[in-house]
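Just dropping this structure here.
Chain IDs A, B, C and D follow the sequence of writing; residue 1 opens each chain.
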Amino acid sequence: MTEAVAMKEIKVAILGASGYTGAELVRLLALHPALKITAMTGDRKAGQPMATVFPHLAGLELPDLVAIDQVDFKAVDAVFCCLPHGTTQEVIAALPQHVKIVDLSADFRLFDVDTYAQWYGHEHRAPALQEQAVYGLTEIARNQVAKARLVANPGCYPTSVQLPLVPLLEQGLILAEDIIIDAKSGVSGAGRSAKEANLFTEVAEGIHAYGVASHRHAPEIEQGLSQAANSPVVVSFTPHLMPMSRGMQSTIYVKTTGANTAASLRAALAARFKAEPFVRVLPEGAVPATRHVRGSNFCLIGLFDDRIKGRVIITSVIDNLVKGASGQALQNMNLMFGLPETLGLEQQPMFP
Amino acid sequence: MTEAVAMKEIKVAILGASGYTGAELVRLLALHPALKITAMTGDRKAGQPMATVFPHLAGLELPDLVAIDQVDFKAVDAVFCCLPHGTTQEVIAALPQHVKIVDLSADFRLFDVDTYAQWYGHEHRAPALQEQAVYGLTEIARNQVAKARLVANPGCYPTSVQLPLVPLLEQGLILAEDIIIDAKSGVSGAGRSAKEANLFTEVAEGIHAYGVASHRHAPEIEQGLSQAANSPVVVSFTPHLMPMSRGMQSTIYVKTTGANTAASLRAALAARFKAEPFVRVLPEGAVPATRHVRGSNFCLIGLFDDRIKGRVIITSVIDNLVKGASGQALQNMNLMFGLPETLGLEQQPMFP
Amino acid sequence: MTEAVAMKEIKVAILGASGYTGAELVRLLALHPALKITAMTGDRKAGQPMATVFPHLAGLELPDLVAIDQVDFKAVDAVFCCLPHGTTQEVIAALPQHVKIVDLSADFRLFDVDTYAQWYGHEHRAPALQEQAVYGLTEIARNQVAKARLVANPGCYPTSVQLPLVPLLEQGLILAEDIIIDAKSGVSGAGRSAKEANLFTEVAEGIHAYGVASHRHAPEIEQGLSQAANSPVVVSFTPHLMPMSRGMQSTIYVKTTGANTAASLRAALAARFKAEPFVRVLPEGAVPATRHVRGSNFCLIGLFDDRIKGRVIITSVIDNLVKGASGQALQNMNLMFGLPETLGLEQQPMFP
Amino acid sequence: MTEAVAMKEIKVAILGASGYTGAELVRLLALHPALKITAMTGDRKAGQPMATVFPHLAGLELPDLVAIDQVDFKAVDAVFCCLPHGTTQEVIAALPQHVKIVDLSADFRLFDVDTYAQWYGHEHRAPALQEQAVYGLTEIARNQVAKARLVANPGCYPTSVQLPLVPLLEQGLILAEDIIIDAKSGVSGAGRSAKEANLFTEVAEGIHAYGVASHRHAPEIEQGLSQAANSPVVVSFTPHLMPMSRGMQSTIYVKTTGANTAASLRAALAARFKAEPFVRVLPEGAVPATRHVRGSNFCLIGLFDDRIKGRVIITSVIDNLVKGASGQALQNMNLMFGLPETLGLEQQPMFP
């Protein structure tokens, strides 16, 4: 049973609402008692009703899609920015100061603008703003998020990896060397643009690795882990494309320090995330599955002793569109407005 | 944005909670402000926590599964019965009079106990109770449902077929003869029992018809259509098994009366369902897709002029586990307790 | 066990080899003892090895893709034309007379150039050649195919529909009126071009109708059925997009003449197709499934008495890329060169 | 183009033909010029035609399924044994001496009977026969296989892992320590028995690990790698269940010796497998995908420098039912009878 009280309405714009993360925000906000969508943009679809672009949302009363320059940002309290990386920095830099922003792109995730330039192929276009941006891995940076004006919402892979690893590194329970991440993602992570590689016929009944040792989420992961380890961390990171629409699993191979085992690591994570509404550390023997988080903001974490002594296998699952994108964005926005963090995120996983 | 007010708690038992419809009820009730699950049964899984049987529900506080005879029905206000057909009649007949019941099995759907015996292979075991049962196609039988103690929740196929056809037959816009229903269902309609035919390997990348001209939903459909047409209707009904977990489409081929066309039929249905929260008649040219109702209680209906003169093609889509089962069950239960019909059913479709 | 004897090599070009039907031809021809691929074209991929465009074919020795005007057609005995409709007519008209052609596009399928113009939106560009073209539904037109220089290879839907219906209409066993075809296709029928509608995320876990009463295969079906019935036939034809890569089922609802039933229709089709290597009429009670023909040139047909008297339900399944395209094309080419019809087509269905 | 000459017929029995590996053998043998299936067993399906158990094979002339004790093994030259582990040892021990055997179960794969007992929970029932068994990883043990009477066909995971790793360990190019294998398999690897965990609804749209650090293929992999390294190897091995029917990828994380890199490892493997018909080492940058080997006996191997210095990522893909089971079994049987190794295995991958 849920309860809700009358709340002051907060006016929200979604920039780039014609993609999957935009649509997912609309789905979640439909059950939110305080945030109200008053503007949505989609440059190539400007002028169209959202119900045309996403017929599954036709049951809602929503503003039509408009071009960004048609939005009156003075009348907006908050912005979810779902634009492609590259264009985002300038758009956000131009927003009025009273607007709070959660940016779902990669544009403000890397603290170091040189690292950004190196991985994204162009200079950072809003370096001053970068300094104010808070990296919004909610469970790790809750206090900073609550005070932030601009939150860089973490990438999906980095979310699934950092949630288990950051506490373990901070507490010195695992080595910072030789961290191997084998990650698997559903296709929705690739967005809605029409590419041959993402056709049903190209993806169904198959798996392959991609971006091996060159995926842009690697520096983001390393940034978080380096901070936690207080020393530079380089990870092995190999994502795979799966024949499913949603869901992400990171299988992480780590070496423990001292006599630590899966049991002690599990205990540490369980203690760390005890009060968290969205992170669950599973008991011994229980195996996380992406289908157990589908459509929800949960992250499930399982830990297993490896056959190789001193090694532990960690599996972490999220819905890439929820905790890996729009759900965490909403969680952060709730925090930024002093609202209960779970508002709009009470939906349970959908299975089967 | 949703609003909820403090409501009197209604204590609910779910009988047969270890199947997919039981789990789906739990998912929906998690967002319900008044109905509270106080007992759940699962004979073969008695003693287990629900989170063991359905790990995706581990985030909820739920009673453990028990055997039916362990439930104190005196402490229960309402029952959702998700037991297999055959066993249900006796179980429900034994419930105390104060308990309101929505039965998701087929056991009370056929008014005529002889027809039941003929299609289900044994005598009806609660014929007296059958006379009190209301067939709960909500949009068609709202008033009776509101007053009922026992509601027979419609089957998934019959729901998707009767919603468009009953009004059209009642208004004499289509002929009662030669109604052809080509239906397609996701695999979850077959339940969770381990059968070779429902293995991933047997279902993926394929389609086939089943129960051709012999499916048990045929007499249920014919009962509703005959009532609407005020004359005996025999339908052609061919279900197909699809490589997807959820979703159901009925493609229905009808002959119109007089000069009626898709346009006039559409107008009639649009008028009939105008105030309905869960039924949407799509505008000309728009095509219903199961992915646009996934996880929601919606039914979308589209109508198209056929190339053969005097014929119209109607497509109707639902989520078989929601409007085709647990969602409609909750919709009915809300009505039976005088609650807003949409409580617990506000979740939007999940796409992709 | 198969046997093969030394055969004279026949040099074959595949025009438009960068699409799925081209790749499928390569797969089939890899096991063909007489046809040898000596040229392959793919305008946008000219200069690339086939193994780059289709890595699954990297095990074969194949010529690189070239532009059409780079092919020396004097050195070629036969052409499979897999180009998009519209461009095909002129390309084929320009081929030297000694070249035999199987055209997999729709460009030569409609005998009547006015009907072509009406459905395809432009005048026919090779009307003289149209008169020589043979419509290559092999089992129906074997003799003409054997003598043809240019064969118009049937569409996938028309193949699955005409194989059962043509003999029944010719023998007067079913009515020519009120034929209703509810067809379901895998996504590969849409080809390899990058369209949002065919993304994995848009197709998986869902079904919808498309081209309702307006699909271009309707006139092709009607042409064949009209010929068989010796009177103009208009059909109801509704295709659906399925979440699978390959496979096609047509569920066909017909009215029988006289006292005919599924049994008499089955007997007639069984007799008609008795000697056919690729068409199997299933015994009473057996249900065709697309997964039972996957990757093969088979067509399976099942017949069932309907609940409505005088009606029969026919289901017909093929692999849309094999019997519905490249397999039938090869079957036809074999015939045109006096080779055993099954050469290169002995591969059994792949299941699961 | 293929060529085949008249060959002496070799009579083959398939024991346990009612499972997926049995059916796959039938599919492959349908194109084999010398091996002829003269008996097939399936205890619970004894008396049934194969076409009833596997309708996709109905186009072939095949003996009906019988019980094992009904087979006249005097009239049989060779046996493919597809029985479940545990029962296999005694069945094979009872076969007449003239019969050559490829056993697809795990029963003779582990040289050390104590290791067998430890992982399979019972004493080995034919320890003498174990000593004669040859572990049939064809490319590694070709000479022994050719002379063997009894070949233990490798497991699917061990095949995909050992093909790249054995040569690298033998040549001292990688370290024997800290080998991490993250493997992904289609559902067909679990066989055809009806288990809740393998239902479509439980597998589709999801991924999870299973048998973490406890899968029975671990000791088999370690046996092969230890032999190659000439020292005891313990691996980290984590299999995952994928929502696809066929296909297997092993992503393997290794440390190189000396200054070795992906390039030098690639060169070594390319040289080692140069003459192999079924193993392809991909050029730099090319990524193996399971869909590129579907239905074929190929193994594709790709190598990539990791971001962590001194590390290389190897991905290896096979079709678990072909190179991972029935295809390799046939490859071995060909060798055992002095036939060309590729007979019956010329079928190209099926894509899409």
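Here is the rule we go by: a residue touches a chain if its C-beta (ideal position, glycine included) is under 8 Å from a C-beta of that chain, and two chains touch if they have at least 3 such contacts.
Source: prediction; values computed, not measured.
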item	value
Pair sharing more residue contacts (C-beta pairs) when A-B is set against B-C	B-C
Euclidean distance of C-alpha centroids - chain B vs chain D, Å	46
Whole-Å gap separating chain B and chain C, where each centre is the average of the chain's CA atoms	39
Gap in Å, rounded to a whole number, between the CA centres of chain B and chain A	35
For chain B, residues contacting two or more additional chains	20, 187-188, 201-202, 204-205, 243-246, 289, 291, 294, 352
Category of the chain touch graph - line, ring, star, complete, other	complete
In the complex with chain D, residue positions of chain B that touch it	20, 187-188, 192-196, 198-205, 243-245
Complex contacts: residues of chain D adjacent to chain C	1-4, 6, 9, 20, 23, 26-27, 30-36, 54-60, 188, 204-205, 245-246, 280, 286, 289, 291-296, 298, 346-352
Chain A - residues contacting chain D, complex	178, 180, 182, 184, 186, 201-202, 204-210, 212-213, 218, 234-238, 240, 242-247, 249, 251, 253, 287-291, 294, 302, 304-309, 311, 313, 315, 317, 352
